[in-house]
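Quick one: the structure is below, questions incoming.
Letters A, B, C and D mark the chains in the order given here, with residues in each chain numbered from 1 onward.
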Amino acid sequence: MAIQEEPHQHFWRPLLAEAMGTLIFVWVVLGASTPGGPPERTPPPVLQPALAAGLAAVGLAHCFREISGAQANPALTMAFLCTRKLGALRAGGYILAQCLGAILASGIFYLVLPAVVFSYNAGQALGMEVLSTFQLTFTIFAVEDQRRREVGELGSLAIGFSVTAGALAGTFSGGSMNPARSLGPAVVTGIWEHHWVYWLGPTLGAVLGGVTYEFLFASSASREKLVA
Amino acid sequence: MAIQEEPHQHFWRPLLAEAMGTLIFVWVVLGASTPGGPPERTPPPVLQPALAAGLAAVGLAHCFREISGAQANPALTMAFLCTRKLGALRAGGYILAQCLGAILASGIFYLVLPAVVFSYNAGQALGMEVLSTFQLTFTIFAVEDQRRREVGELGSLAIGFSVTAGALAGTFSGGSMNPARSLGPAVVTGIWEHHWVYWLGPTLGAVLGGVTYEFLFASSASREKLVA
Amino acid sequence: MAIQEEPHQHFWRPLLAEAMGTLIFVWVVLGASTPGGPPERTPPPVLQPALAAGLAAVGLAHCFREISGAQANPALTMAFLCTRKLGALRAGGYILAQCLGAILASGIFYLVLPAVVFSYNAGQALGMEVLSTFQLTFTIFAVEDQRRREVGELGSLAIGFSVTAGALAGTFSGGSMNPARSLGPAVVTGIWEHHWVYWLGPTLGAVLGGVTYEFLFASSASREKLVA
Amino acid sequence: MAIQEEPHQHFWRPLLAEAMGTLIFVWVVLGASTPGGPPERTPPPVLQPALAAGLAAVGLAHCFREISGAQANPALTMAFLCTRKLGALRAGGYILAQCLGAILASGIFYLVLPAVVFSYNAGQALGMEVLSTFQLTFTIFAVEDQRRREVGELGSLAIGFSVTAGALAGTFSGGSMNPARSLGPAVVTGIWEHHWVYWLGPTLGAVLGGVTYEFLFASSASREKLVA
């Protein structure tokens, strides 16, 4: 199956980028604002969501800047509209996509995760690991893609900042995003409880993140390699 | 109405830049030093204003470096004067502009906000959202402008750092700067209290920030597009 | 003894890079998650390991990106495998190397350090100083090597971030990594307890880090200078 | 008086750079590790000195990398010696200079400041402001100098990080480094106590920092402008 750049992609892909960008941004900020766990309900220090938001924004700029401008913010889109840098139709589409992304992120965060069947904590942790690693891997694939085309700017920083943003967002599950990081202590301490979560979650998130980037957002050079 | 580069702009624009830069800087630092809200009056950890100051400085360097050097600090201006990098008249003008900007920022911070009529908390929050988003949008427009002229350096970082600086500055209003980020949780949790603040404030701040940059500070290439 | 690039190095060096990268990453995260010392057992704020992980990732990207891609994460390797950017054999080798590195880091962290004979605290501190400084020096040598070949990107940041990551990782030993930083206060306050630790540990770690980089990972230009 | 590049400067200037670099580094770390003030004696969170160290290192790399390599660390110098990147005589000189710088920083920090006559708190605050602003201005002059020669890398970041490092180091005096930032609240709140400290300290520090850089470390292009 060969993928070709269809004309309608020029319309839909930026909308999808704005929806996904806002989803990731809102989800990171919500995750980083969560109290540390059921026993202690004190909110985290203000610095935590503030840093998570800024560091995630650096990552998102790498992922979506070339596609939609990575605005992820209706207020910004209004400013671009009022200074004639964006047409009314496109601005309207962006704002709608941003609102959908934000509502979806909040829905996942507040509703879906607690409702997972098998185990409350393991299910939440799994969901957080999937999303944190999705966000990280997506950024890494975008950085690699840009490096291949020598467009990239500050790739290592974007990746490092996504690691911190993901770790802050996934606070109450441990924010591992990395099976090896969980395997080491398990082997040494002998504590294997919920260990599968830290293999399944990050791997699922990473594979989904990589495949999503390659099929939906990668420059054609990178995509052709995939479907060859 | 066509805007042309007038000779007197070479004198007034750097002064305006120093005043605005110092206004934004002082306001961010004051905001990030505020106790978290009326119930808990404990001051924030030292790290919060320190990081807000440094990250805001990175954003301001992008906004005003080409125009005035983005000193925003009378002590620095004195150092440039003493090393003959700045004339006495210009240095005097800079210091005056910086002091005016700092006094204005403090005035807004300590006096105007609490006096807003309709609702103490909503009014303060609105003011903080307007200023936080103004600062963020201003930085984004400066980065885009520099990218267009290929002058930009580290644009994504400046934007991400402005997000964190704005979030720290706007701590007690939530530092949203983004209607979508507030809409998502409102839809899911059904809590809509003061929701209009998070649409009006950021949108007002972003439009003001964008228009101010375009009309007063943008390179002519960018400005012509606006007034075409 | 002249070192030449042997064919088998193309197979083993990336594996070694992944093992070492994961070892350093896991060790930094474990160190930054440790409670501050025996008297106070409260865990550190979430921000600490999250920042340590992200900042260490920036440093590792500089050290190993050219050699193995600096994935240091089985989930990422799976994503590269699923998008056909990495062959099955190599991916398997990477994951094995990552798991070994992570287990080794955890083993050093949980088992070896407390068992040191002469003194519990001094031994732990020595070990932490060796590893923190090893990590820092390794990054500095990689940055210098890349600067010599004009490949480097953001070297100063990678070094500064490694300082912070190492200081967070070595929290309970003081995270000095620098004999001068320990000498100054000792001279002035007259407190010389365990002072030798802060000369032996950092020096051992730095020399090991520098020699390891030069002999195992440096570009040939840099290595030739060493063995001339 | 015309300044010319004398041969002996090639020997002494790197030594001076190492001494000054270590002085600034050790002083920033000591300042950022100080408890917040006489009433509350709880040490600051670990993150504070760790971040101050890393961010100061980024600034120092800009200031001294071209002159001495900005090692500021005897352990690093040993690693460069052992890998034959530095001769024995020069390495010995560096280590001596580093130790002197560190002892001087500690001496200023522990002994000189409390002994100031007129007022304990105002004197300490003045000293901290002078040193914090010295460090910041020195970095700004180095960045400007490198920009003029198009050598600079990441100048805005180095400046922003120096702002944060200086603010963390000067915690207990407020870490203002900026008269305007202190003037604004004073005008609005009417609290003028010790206000002169925040004009004298930063201005003294900035002028000293700027003049020191220009006379001792600037590239000749920049220095000639000064003495013309």
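The rule we apply is simple: a contact is a pair of C-beta atoms (placed from the backbone, for glycine too) under 8 Å apart; a residue touches a chain by one contact, two chains touch by 3 or more.
As the structure is a computational prediction, the values presented were derived from the model and not from experiment.
Asks: When subunit C touches subunit D, do the two copies use mostly the same residue numbers, with over half shared, or different ones?
Replies: Both copies touch with mostly different residues.
Asks: Roughly how far is subunit B from subunit C, going centre to centre by Cα mean, in whole Å?
Replies: Here subunit B and subunit C have centroids separated by 39 Å.
Asks: Using the average of all C-alpha atoms in each chain as its centre, how far is it in Å between subunit A and subunit C?
Replies: 27
Asks: What are the residue numbers in subunit C that touch two or more other chains?
Replies: Touching at least two other chains: 45, 47, 51, 55, 154, 157, 161.
Asks: According to the definition of touch, which chains form touching pairs?
Replies: The set of touching chain pairs is A-B, A-C, B-D, C-D.
Asks: Within the complex, which stretch of subunit B touches subunit D?
Replies: Residues of subunit B touching subunit D: 22, 25-26, 29-30, 45-47, 49-51, 53-58, 61-62, 65, 72-76, 78-80, 82-85, 98-99, 101-107, 109-111, 153-154, 157-158, 161.
Asks: Please name which positions on subunit A make contact with subunit C in the complex.
Replies: Against subunit C, subunit A makes touches at 36, 44-45, 47-48, 51, 55, 133, 136-137, 140-141, 144, 154-157, 159-165, 167-168, 171, 175, 177-181, 183-185, 187-189, 199, 202-203, 205-207, 209-211, 214, 225-226, 228.
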